[in-house]
Structures are given as C-alpha cells and as structure tokens.
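Two complexes follow with chain A in common, the first pairing it with chain B and the second with chain C.
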Partner chain A sequence: MTDKKIMKKGSLDELIKKLKSGGKRVFAPVEKGGKILFEEVDSASAMAADYVQTTLSAKDVILPRCEEMMRFTTGQGTVSMEKAPDMPPPAVVIGVRPCDARSLAVVNAVYLKDYSDALYKSKIDNTTIIGISCAKCDEYCFCTSVNGNPGDTEGSDILLTEVDGGNYLAEIITEKGKALADSAPELFTAAGGEDKAKHLADVKVQFDVRAVTAKLPGMFDGEVWITQSLRCIGCGTCSYVCPACTCFDIQDETDGNRGVRLRCWDSCGFGIFTLHTSGHNPREVQSQRWRQRIMHKFSYQPDQLQVTGCVGCGRCSRACPVDMNILQHIKEIEAQ
Partner chain B sequence: MEEKNIYQPYLMRVAAIIDETPDVKTFRLEFINEEEGKNFKFMAGQFGEYSVFGEGESTFCIASSPTREGYIECTFRKMGRVTKALASREIGDTIGFRGPYGNTFPIDQWKGKSLLFVTGGIALPPLRCVIWNALDLRDNFKDITIVYGARSVNDLVYKHELEEWGKRGDVKLITTVDPGGETKEWKGEVGFVPTVLEKAAPSSADTIALLCGPPIMIKLTMPVLTKLGFSPDNIFTTLENRMKCGIGKCGRCNVGKYFVCKDGPVFTFAQVNQLPPEY
Partner chain C sequence: MQDKIRQKARELLSSGAVKVVIGYGEGTGSRVRALFIQKPEDADRLIMDERCVQNLAVYLTKHEVRAIGKPAIVARMHVIRSINQLTYEEQFNEGDIAVIGISDSNEIVDLPDLKSIKEYAAGNPLVLTAEEKADLGKLETMTREERWNYWIEELSNCIKCYACRASCPMCYCPRCTVEVNQPQWISVPAHEIGNVEWHIMRAMHLAGRCVNCGECTRACPVKIPLRLLNQRIIADIAVNFGQSEEYALAAFNPNDKEDFIR
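Then we have the complex of A and B:
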C-alpha cells in the first residue's frame, strides 16, 4: 500500500544533491528559451517555478528521440559488431505530471509486451519517477476524460502534491519509490490527515472515452477524418510532443567504416511513414494518417494492448501549428 | 540480467548469388556462427529484416523451404538504398538478418489436400518457400498446380526451378507471360494470369489456393477463384506493408488493428475481406 509522508518543499534541493552524490542523474523541468524542458539539474533552484505543463514530456529519458541500437565496423565485405556503449547511470526524474507518468503504461505495453525490448527495459528499470500533482490546468488539459486525474499515482514511484505550509505530501507508491525515500529518511516525516483532493486542479470530464473506443471501429469510412484534417500539414509535431507516441524508424549512420544503427522517433503523420518502395502508399492522403493517429490511440491500442494511447496532456493541441485540437476532435467524434 | 538486443541481426555469409532477372537477385545466406545456424528454425510464410551495415534494413520473406536446413534464401529486386547495396554484395560478404518474424502458412493442416499456387512476377518468392516445402513432403499432398506469370520471359524468376517443376510428373506447372512479353522460343502461355487460370480451370475440390501477386492481379484473380468454387477461407495470401522493426513496435505496417508483421503476413481472404483497405 501507498505510504504517505511529508517532505518540506525546501528539502527538494537536499534530495537532488543527495541523489547526485549517490551517482544518479537527476532530471527536472527547466525553463529554457520560453519552453519548459526536462534537463539534468544539480539543484532545485534550477527548476522552473510556475507552469501548467512542461513543453515536452520526460519521455526521451527512457526513449531517446535518437538512440543507438548497435555499432559496427565494416571492412572489405566483412562486418564486426562493436561493444555497446555503457549504460548511463540511473536516472531520477522529478516533476513528471501525472498524465505523463500514466503514459509510461502505454510505452511499456508497446515495448515490453511480446518481444521485450532490452534497450528500453534497461532504461525504464533504471529510472525512478517522482511525479508532481497538478494544482492548475488549462483549456487543453483533459486527463480526467481518459481515465486519469491531476493527482493520479499511476506510473509515478513517488507522487508529490503541494499541500499547505510549504510542504509536499509524498505518496510512496512503488518499491523503487520506497528505496529512494529510504535513501534520504531525514527528509521525510510522517503525514497527518492532509486533504490531497483540495490541492488538485479541477479538470472537467469532457467525453466518455469508453464510448469513443466502442464507436471508432464503425467509423473507419467516416467523413470526419477528412473534415478534421483538412488543415493538417503533416508536420508530425503532435507525435513529437506526445508522451505516449512510440512509433520509430530504424536508420544507419556511418562515419568512414564505422557506423551505428539508430532508432529514431517517427510519426504516422508523415506520408513516407507507410510508403512502399514501389510507390504504393496504403495511407496516401493526410486524412488517412489522421484517422490512423486517432484509431491507433483510441481503438487499436485499447483493443490490442488494453491501454488508451492518449493521456490527455494536451500537448499536441498546444503545439499544433494549425490549431488542430484533439479534445474538440474527440468530442466531435463522440457526438457523431 | 543482460537481455538480448532484439534488433541485433545474425551475421550471414553470402554463399551463393543467382541473377534471376536484370534487377532481381537471389542470395543464399549461411550463418557465420554455426551454433546460431543450428538453433535457427522457421516455417513457411515467415520473413526477416535483411541488412547491409551502414545502409539499413529491408524486409523480405524467407524464400527457401524450412525443409532445407543450414541456410536461408531471399529474392529481392533492386529498388531502394538497401536493396541496391545488397545487390552489390559478392559471394563471401557479410550481411545481417533478423527473424524469423510473423505467422506461417498452416501447411500441417493441409495434409491430404491439393494445392493451387497462383502468382505473378516477384510474388513467387513467398510461395516458392511453400512450394518446396510441399514438394519435399510430396506424399502429404494430392495435386500440386502452379500458375505463374510475369510481364515478359525475362521477368520470370527462378527459371531453373520452373524448368525442374515443369519436368516433374507430380507438379502441374503453367507459366505465362503478358502479351508482347513472349520470345520466339517461349513455350508457355501468353496472357494474363487470371485468364490463363480460368482456361486451366483447376478443381477446387479439397484444394487450398495460395494467391500472391501485384494488387491488380489479385483483384482480377479473386473472381476467377470464386467462379472455380474456392471459398475465401481456402484462399491464402501474404500482405506486404512497409516495415521497420518486424515485431509490432515501430507502428507502420498495421492494417486496421492488425500488424502485418505480427498478426500476418499470412492471411486468408476471409480475413482480408474483413480488413480496412490499408495495404
């Protein structure tokens, strides 16, 4: 069961320093060029102070946007595989929003079910997530419509909620979280009867995700994909900011006779994503790619992996250069 | 604790190269690590990712039969970056292979039945695997009929094997080339696969049909098979979609909720008819 403790907000700095001196890499939201991004930090003072949502999620700590899968040297018709680079030190990610923490369930389902992906597994096993509940939300947030909530503990190892008196209520959720808390027992005291709920943002439920999932298989040939995607420019930004997008490309890069095989994030919004060498493309127009995005997240993944591929973080809507709004689009689909 | 990197290919030696047509080659590949070769098992219909290190990976079926152990074969057309690089490999060179991936033709369930192969162009390789598998277990099947067409005589792949199958008394082979694609020496049919199939009118009684070819050939052949009495669940095909990982993760080869790489590539037409047109 979840163990509840109190940690002073001011102790976060001590915690970071302690984790660092223990050899861990610590990532936290940092303000950089008007964006809030997860970067390695040395102290709590480096952390961004006030924001609703980080510009990007912390996904690339466990699933880098371009990741070396192997390295090799080629000779005259020969190939020798080189030793993989050493694993980086364990990571602790502080300040992950509950929606982003929940997205790990999606990434885990894709990468660990069936063929378990050792590259990914080594990173997720090596990472501890300290979530921070949301006291604020904006018009793009819809976690509660996709089974989450601003204080959801799923996916976090420890979840911090800012409560009265400059304190965090620290919910110690997993063994990893317990190990971390046990490594700095002096920073945690017993919790009283703190009312977590009153410190959480009020995120209204805006659609019934089960109804949407139930209705999508019958909507494959609908006009809605065309009307909704008329202005889509196929830039793929939605995929690159999504904490639950997992699709990738495999590419080789070489420098002389040495090379690496890379796994790089990719997007179903790109025409080339499905383009056959022959020139045939099963998803040749943008409406088919938009349909794939929604179907994959709200129909195929619930059906095949028992997870909804959207956590309601709202990033795709905030970042879309042509103002496509997934919340409005899903509500429209629900109303069809 | 150390888990295997699932993207790590086997290192394979190019043991033989056959120039099938000016732009199609067949490679015989042997495992450089003998232990890996001994442990390697696959079944008819499965595919793999073949790689030239420094150029990337490409997806093709395993075109040889699982009854022939110690090597695998693949047949590919020079088209893009990887296949062009592959085509320039020489005997003795090292390439990469990961697999086998995907489901299989349920050949064990076809004991005692007749098999009809209908195929065109470079779609013969996925069926060649099944053809040799069936021929190596010939007593398990009744009639084996192969209808194979190409644009021209030059475009027929596996020419030596076509000759061999043609000579066998236990195979009925019908080859055809598109009108205008014949040569003076050509002894086969001239005409499109669906027409030639209709004329040959093989029996559908207790018969499994395997149909692989370009989309237009499939579209025009299906009505002929239906007319001959084949039901969609007795017609098998393989779907081909662009793939990267081969194991259901990279996210591009799906047709509706099914991944061609993991849930396919082998489907019956009863299944294909239920799928959205994303292939």
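Then we have the complex of A and C:
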C-alpha cells in the first residue's frame, strides 16, 4: 500500500508540534553528553543533527529497561493484586534507523507470536514509527548482510529519506502511518519519481547469513566459542544496546506489605542468567554464554521464529568495552 | 619497547614458564584488544602504544583464562597496582603469575615476584593528576542539591549492564551484593533508586582498593563519569587514612575516634 509523498525537512518541526498538541508523546534522537539517545522532544531543533546510529536503540519506548507489571498487597494469608497504572499516552518515535525498525519483527515474534504479551502489545499498538533512511554508515554497519538495507521500509510506519532540495521522500507504509499522515495533510505533497537509491548509504554485503544459519547447528562443540570469547568480560552491554534482544528478568520490590512487580532487561552474558536455585549452572563459563548469544540470533530464532535475531546495527561492536566485534566473529564462523 | 615485550613473551612461552601471555594487540578498525598468546610464534602480535590502556588484570581472575595455565601479563602501572591489591586480598600465591612490567616512562621493569611488585607499587603511589583534581574541584563547588541533581541526571542513563563491574579487576566476587536476594540488599531494576544504590554501593566497596585505572568510565556504554565517584573516595582516604596498607573499609582500630564503631 506504500504511498509516496514529499515532506519539506522544515515541516518536521510542525509535525512534532502537531503530534504533541494531539496528546502524543514524541521521541527522537537527542545529543546528550556525547551520547545520542531517544528522548521526548517538543521541537525538531532538539533532534541530533549528524550521526550514524544512536547510542541506545528506541527499544526503551516499547520494551522499557524496567516496567511495572502489577502491584500487590499481602495480608494474613492473602495476596491482592491490582493492574499496573494506565498506559502512557500514544507515542511516535521519529528517526528510527531502518535496521532498528526491522528489529521490531524480532521483538514482535518473541512477544506476540505464540503468546500475546498484553503489556508489550498495548505499547507497540500505541506506537508509530517514523524511520529515517541512512545516508551514511560506518565500519560496524552490516544491515545488508542480514536481509536489511539502508532504505528498508520493514517495521517503519512512515519512512523518510532525505532527497534533493531540502525535502524528505515520505513512504507511507502502514495504516498507522497513513493515519498519522492524514492528521497533517498540509505537510505532505505528491512525490514526483525521486530517486531514493542514490541517497542511501552503500553498505556492502559481508557474509551469507543463510550459510551461517545452516552451519551453526554443527558447530555447537567448536573451539571457536572459546577463542572468540576469551577476552569477553561478561557484561550485558551487547544485549542492552541491541534493538533485537528481548530477554527479561522479573523483580518484586516490596515496602512492608505492599509491592510492585517489575519486568527488567536481562542478558545472557551474565553468569547469573542461567544459574539454578540448586547452584547448578548449565552455562558455567563465558564461552557457553557467548555461544548462546550467537546461536540464539543466527540459529534458534531463524529456526523457531523465522527471523534473524540480528539486524546489523553494529551497536554491540561499537559499545563493547573489549572489542568483541560481531561482524568479525560471524565472518570467522562463516569461514570455518 | 614493543620488541622487548615480544622477546620476553617468546622466552616465557618457549621455556614453558607460562602457558599464556596476556597483552595487547590490534583489534578491529583502530581499536586495541586483549590478546591471549599461547604459542611463542604468535608473540609478534603483541603491541604497545598509547592506545593500550585496558586494565588487563581483570583477566587474571577469569575462570577460562586461568584454565589455560599459568599466565604472564603485560602490566603497565595500573595493572601493577591492581596485581598488588589483588595480592593483598590473597587472590594470588607466589608463582601463580608472571609479570612483564612496563614503567610510566615506557621501560621494561623486572618484577620477578610478588614482593618486588609490592615494592614497586609502594614506590609509585597513586596520586590524582592535576586534571583529575580539577574535575573533583568542580564537583566540590556545587551545592549539595546541585551535586545530587548532577548525579541523578548522570545515573538516570544507567541501564544496569554492569560493564563497570565486569571491566574492573577489583570486582571479582563470585557473587556480587546486587545478586544477593535473601534479602535483596541492592535494588536490581535500572530505575532511579536502583541505579543510585548500585553505584554508591560499588563505590563504597572500592574504597581504598580502586587503582584509578578508569576502566569503569571507559567501559560504560552511556558514558557515566564513574571515575569521579571513586576519585572522590580516593581523595577522602588520602586525607583520613594516609597511604595505609590496610584498606579503609576493613580497617579497625580500638582507639578509633568515632564512637559508633567501638
């Protein structure tokens, strides 16, 4: 149904103001102390101007680092539960990169496919994604190796691509996108055959993801996991900056007889992630945790959910304190 | 310098004195990464330049690295200090590790045993640089409220990835306080109180132990200036405890001037 329109770059500010006055929360990349983070904005001038990728993804909007699931009160042999407070107002996230928008297919598969998670569903249903295509990339980007591309429309409701003359080519992709564009028809004019491809970054294909996925089941006992992960220090940075990592931990926080149940991000990089109450840990050492990370994204998820759990955004490699570079590692695996 | 490190590593591996040499090598792009050299012929991959700043001592307590066998470690001053502190905390016995010491003036230092490491560390005490003191000074000029707001703002970015803990050679506890949940001493979620509790707890556990390598700040994906918390404590300890060998949190003196502790 993709409808192509033109929006003036300068109109982004009007769009944000209009969305805000309509009661929506608007998130966009903001520069903050050397980081680029998705924050609530009131105007386009608050948006970061020049960056390849945001420090953290927009995952926090739909899958917050910690979110309330319910509240409870305990009494003499009783527990009474109440629902978490009402959902925040609808959100529009502007400036999501096509790789990140693509990651929604992974998050949706995990949270909606076999069991529809009400908390997540209420957030994703309430969120509209305005992607912005990539005009540049860096050495950590590899979206084209994992079925994406710098102008990929998958996952975005509207995708903006900066074209000539200070204009955005606006591809209106979904019903949600159409509803948003229809709410500000004066900002969109008809497109006239703009050449989108010439405005996109050139991201070279670096490996054959299908070959990697086909190969991994036979590599479970390989030495490669040990050699690659010797320098891994076992923090959760890669998982937490990843737009497609979805694992969580549940924490009850109590104050007297009242409590709150929270869902928090968790990471397979931590030893405690698989630690059993008995003291047994099926993933005792870091190489097993590293293997899980790669297997989950490139073997188990393609097998079980028909999605590759990595979108090639490169954040884990950029953020890793010890240079665990996923692109290099996957290429090594492919070459084995 | 680099050649001398390679030569030393080759000797240690060829003679069978060590099974692995932990050092620096080229990473991806212009990055440097830790290398674990296990064959003499691979020693030429070791490098030494201004990019080699990671505190490699973190690997000395890592299970899989120890499983290889006796390590030698390329140790600049912050690594030497870390080894000294870990020795004080009884993490090494004599002969457990070999050290290829590198002085601040980029000379190889011969550190054949733990005693020589202790002496070398004592001869090169940790002092904050003028720049570090100036950064602390800026914090001092703030009012309590301003300082509190500064930290709440910085810590609001924390995602609890624990890269600060994982990158720190002094954070080797098999079970961190934040993982003790009967009772749950430290709040786990990455919300305001959880983040504040975590970073204050960690700073207190590093009191008198932190070697000011800056690894926590470098590792942090959201660039929280964690070094400032630790440097504040280093400065306080220098004033209140001097260069005492005991570390402040564990020190007990029956004649302590504070009543509550007696």
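As a working rule, the second predicted complex is superposed on the first by the 335 of 336 C-alpha atoms of A that agree within 3 Å, B and C clash if a C-alpha of one lies under 4 Å from a C-alpha of the other, contacts with A are read in each partner's own complex, and residues count from 1 in each chain.
The rule we apply is simple: a residue touches a chain if its C-beta (ideal position, glycine included) is under 8 Å from a C-beta of that chain, and two chains touch if they have at least 3 such contacts.
Keep in mind it's a predicted model, so treat the numbers as computed, not measured.
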When the two structures are superposed on chain A, do chain B and chain C clash or fit side by side? fit
Identify the partner contact of A:Gly77: answer first if only chain B is touched, second if only chain C is, both if each is, neither if none is. first
For A:Gln328, using the defined touch cut-off, is the partner it touches chain B, chain C, both, or neither? Pick first, second, both or neither. second
After lining up the shared chain so the two structures overlap, which partner does A:His280 touch, if you call chain B first and chain C second: first, second, both or neither? first
Put simply, what angle do chain B and chain C open at chain A, by C-alpha centres, to the nearest 10°? 80
Taking the superposition as given, does A:Thr237 touch the first partner, chain B, the second, chain C, both, or neither? second
Taking the superposition as given, does A:Gln251 touch the first partner, chain B, the second, chain C, both, or neither? both
Go through the superposed model and pick first if A:Val93 touches only chain B, second if only chain C, both, or neither. neither
According to the stated criteria, A:Ile124 is in contact with first (chain B), second (chain C), both, or neither; which is it? neither
Can A:Gly259 be said to touch chain B (first), chain C (second), both, or neither? first
Aligned on chain A, what is the least Cα gap between chain B and chain C? Give it in whole Å. 5
Which residues would you name on chain A as touching chain B in one complex and chain C in the other? 249, 251
Footprint of chain A on chain B - complex, ascending: 2-8, 11, 51, 53-57, 79-80, 83, 89-90, 92-96, 215, 240-242, 244-245, 247-257, 262, 276-279
Which part of chain C faces chain A closely enough to touch in the complex? 27-29, 31-36, 54, 58-59, 62-65, 157, 159-163, 165-167, 179, 184, 187-191, 194, 215, 218-219, 221-223
Listed in rising order, the residues of chain A that touch chain B in the complex are 69-70, 72, 74, 77-79, 81, 84, 110-111, 114-119, 121-122, 220, 246-252, 254, 259, 261, 263, 266, 268, 273-278, 280, 282-283, 288, 292, 295-296, 299-300, 303-304
Considering the complex alone, what residue numbers of chain A touch chain C? 32-35, 37, 55-56, 65-66, 139, 226, 229-231, 233-237, 239-241, 249, 251, 253, 262, 264-265, 267, 270, 272, 285-287, 317, 319, 321-323, 325, 327-328
